[in-house]
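Encoded as structure tokens, here's the structure I'll be asking about.
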Amino acid sequence: MTSAIVLGGSRGIGKAISNALKSIEIDVFAASKKDIDTSNMESIKKFLENYNQIDVLILNTGGPVPKQFFDITEDDWKLYHNQLFLGFCTILQNIKINDGGYIFLISSNVIKEPNPKLIISSAYRAAFNEVFKILSKDYAQKNISCINIAPGPINTDRTKELIENVKEYEKSLPMKRLGEPEEIGNFVKSIIENEIKYLSGVTINFDGANSNYIF
Amino acid sequence: MTSAIVLGGSRGIGKAISNALKSIEIDVFAASKKDIDTSNMESIKKFLENYNQIDVLILNTGGPVPKQFFDITEDDWKLYHNQLFLGFCTILQNIKINDGGYIFLISSNVIKEPNPKLIISSAYRAAFNEVFKILSKDYAQKNISCINIAPGPINTDRTKELIENVKEYEKSLPMKRLGEPEEIGNFVKSIIENEIKYLSGVTINFDGANSNYIF
Amino acid sequence: MTSAIVLGGSRGIGKAISNALKSIEIDVFAASKKDIDTSNMESIKKFLENYNQIDVLILNTGGPVPKQFFDITEDDWKLYHNQLFLGFCTILQNIKINDGGYIFLISSNVIKEPNPKLIISSAYRAAFNEVFKILSKDYAQKNISCINIAPGPINTDRTKELIENVKEYEKSLPMKRLGEPEEIGNFVKSIIENEIKYLSGVTINFDGANSNYIF
Amino acid sequence: MTSAIVLGGSRGIGKAISNALKSIEIDVFAASKKDIDTSNMESIKKFLENYNQIDVLILNTGGPVPKQFFDITEDDWKLYHNQLFLGFCTILQNIKINDGGYIFLISSNVIKEPNPKLIISSAYRAAFNEVFKILSKDYAQKNISCINIAPGPINTDRTKELIENVKEYEKSLPMKRLGEPEEIGNFVKSIIENEIKYLSGVTINFDGANSNYIF
């Protein structure tokens, strides 16, 4: 039976992925912040003592509170360096992905079109994407696919916190609505279910035609 | 019942997409070059007289014979301008995609990392991708998703023509193999089957971690 | 003495480049539309009979009248295919750039962030950029540098035609002003003057921090 | 008189920029590692006590020793997080760039085409580039230009350390040679000298046509 760990699996996009994977008989561990706090290196190491091998890994974590550049403290940088970058590196250094497995990274479209309110997120998610791209070539040798999904505006609690007037905002979007977490969940599910392996080393915008950059 | 037209549907990636869509009870017209020659504007216009409305459209066509820049004639440029660009524009100007439908463009990874042997293909496929990106925002208003799949090395007759020693070449690839057309077929199928709509305005590398650009 | 041809050299950015190059004792032919009409293959071929060797070539041409996709005719496509793509290809196929020379392409930031009103320009300029990138590697062997400058909003007649209320528009720009053609002219001049050769195969946004894509 | 600080100004590219700026009568402080160690937050803060206002700032620092991903320790990550990211952020948070000034970032082409041997550098330089892009829009309001130069293979001690056989390597390059630090120095100089301000928020590949990505 295929096994999966979904980080940040108790809410939002992580929860939707967990549910979608469960629907195809995958043995899912939807890890919540209680199980592993990716901003805390001790918590990560402890988690890795118990979970060190898996078929499918979903690297997913919430983003920081919005802060303008000049208000960000050294402690802020270091905290989110852990949460958005170093924690994921440590996990990949210490967990065995089984041959033929999958690693999905849930990042954000801000890595391509950075957002001043989300400057921390833009920076560290971009950093981790570089690592992920490089590793995709190594993992390819074991038939492990590495897929970065870069969501735009998705209907999560997070978005509701960031956007003041969601109804107004939706009208400005090409599809006149936020994306649903379930769309991402089903997308992840369908890739695994159909054993699509050659999709790897790729960053996939998932934003309802909202981004403006050509690729 | 959902209906689909797959251009270039009689071989290679187009055929694999046709087969995959048929497997989920979609009414597929796998158009061959006899049905529509996308390098010939008359052929295109005639085709459009009979086919002017559809749920799912797959824009797919073979590429030109490899030629170095200084050997390309004005006639070559014009022929492939039709085949890779103008034909697709004309189709989109004259076919109605039903609300909630899909348009998939099968392009090539050469639009991101252009190839001197495939300079015509690099140029005109890039051009059409600009059109496709712009239109994705219009189509979004009718809940139509526009997805550009940019394959790398896929196991088709085309690749065998382009690559002298396929076995050797495969060893140089991260996954040590070409991608299978069926992987793309199943990918397209699963997006439609799962009604994933928020994936739109996106270019998806499909190359087994072979490309080097970060995104 | 260094010689230069500046296409579209009688106005706007082309004129500013011509003037800047003249200021450093370069022998400049600022070609106007009377000298060469890049939308007309006969005009191009005739021009090339007289001008077939040069040190510095500036590929520059005006853009099409704004038109929405569904209003563009086959004749429009073909006209601008000539003007923005095929003409430049024909020139490069038939002109000798002297060793150690330079080719500058003046394109547009719409190749990275395409604009629905400028869909023709977005498409064909992107196409030619693919050709230019590929050729940069060939030209490099003769120490010829290929530099694509992709302007954003510049203070030209063209911009005044495209933008209804320029004053209002300027307020929306990061620098609260349009760029000046002379800035591009001086930029081109300074690269040649300082013999900066290793800058090649590059697309340089020139838009006063206006674009949103990370690169 | 215009004043400039060049970080990493005692060798390689930094030294070449310092020399070029001195040649146009700019008052340059070419800071060496003794003056400021950008991997050490205390050193940075002490430096900022003495240098908190400038016209031209060159953010430049050496890269880490090459290490494969699985060999990188938590201390390595943290050290280079300081050196390549946090140090630069701290400097920008605490130094005043005078109106009409310039900030140049000397990064690397690995941010676009990441390199497995330079994974740390790829990651943190990409992260800082996100910050720099975002800030370019703020600085634009004070007519301060932010320019990221992303060098490819340049003839520095660093390159000689990284590349085993430089002579062989040069043959593989489009220009059959490394770039010279002086070319970057002169490029930076000429932008300042010609008061080219509208070039901002841009990443400029400086690699002799070596990169393969279209932009």
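When the chains are written out, they are named A, B, C and D in that same order, and each has its own residue count from 1.
Just so we're on the same page, a residue touches a chain if its C-beta (ideal position, glycine included) is under 8 Å from a C-beta of that chain, and two chains touch if they have at least 3 such contacts.
Bear in mind the structure is a predicted one, so any value in this text is a computation, not a measurement.
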| item | value |
| --- | --- |
| Chain separated most widely from subunit B, comparing mean CA positions | D |
| Pair joined by more contacting C-beta pairs (B-C or C-D) | C-D |
| Distance from subunit D to subunit C - Cα centre to Cα centre, in angstrom | 28 |
| Separation of mean Cα positions, subunit D and subunit B [Å, integer] | 40 |
| Interface hub residues of subunit C, defined as touching at least two other chains | 111-112, 114, 126, 129-130, 133, 137, 214 |
| Subunit D - residues contacting subunit A, complex | 41, 69-70, 72, 74, 77-78, 81, 85-86, 89-90, 92-93, 111, 114-116, 119, 122-124, 126-131, 133-135, 137-138 |
| Touching residues on subunit B, where the partner in the complex is subunit A | 112, 129-130, 133, 136-137, 139-141, 143, 145-146, 152, 154, 174-176, 179-180, 183-184, 186-187, 189-191, 193-211, 214-215 |
| Footprint of subunit B on subunit D - complex, ascending | 111-114, 126, 212-214 |
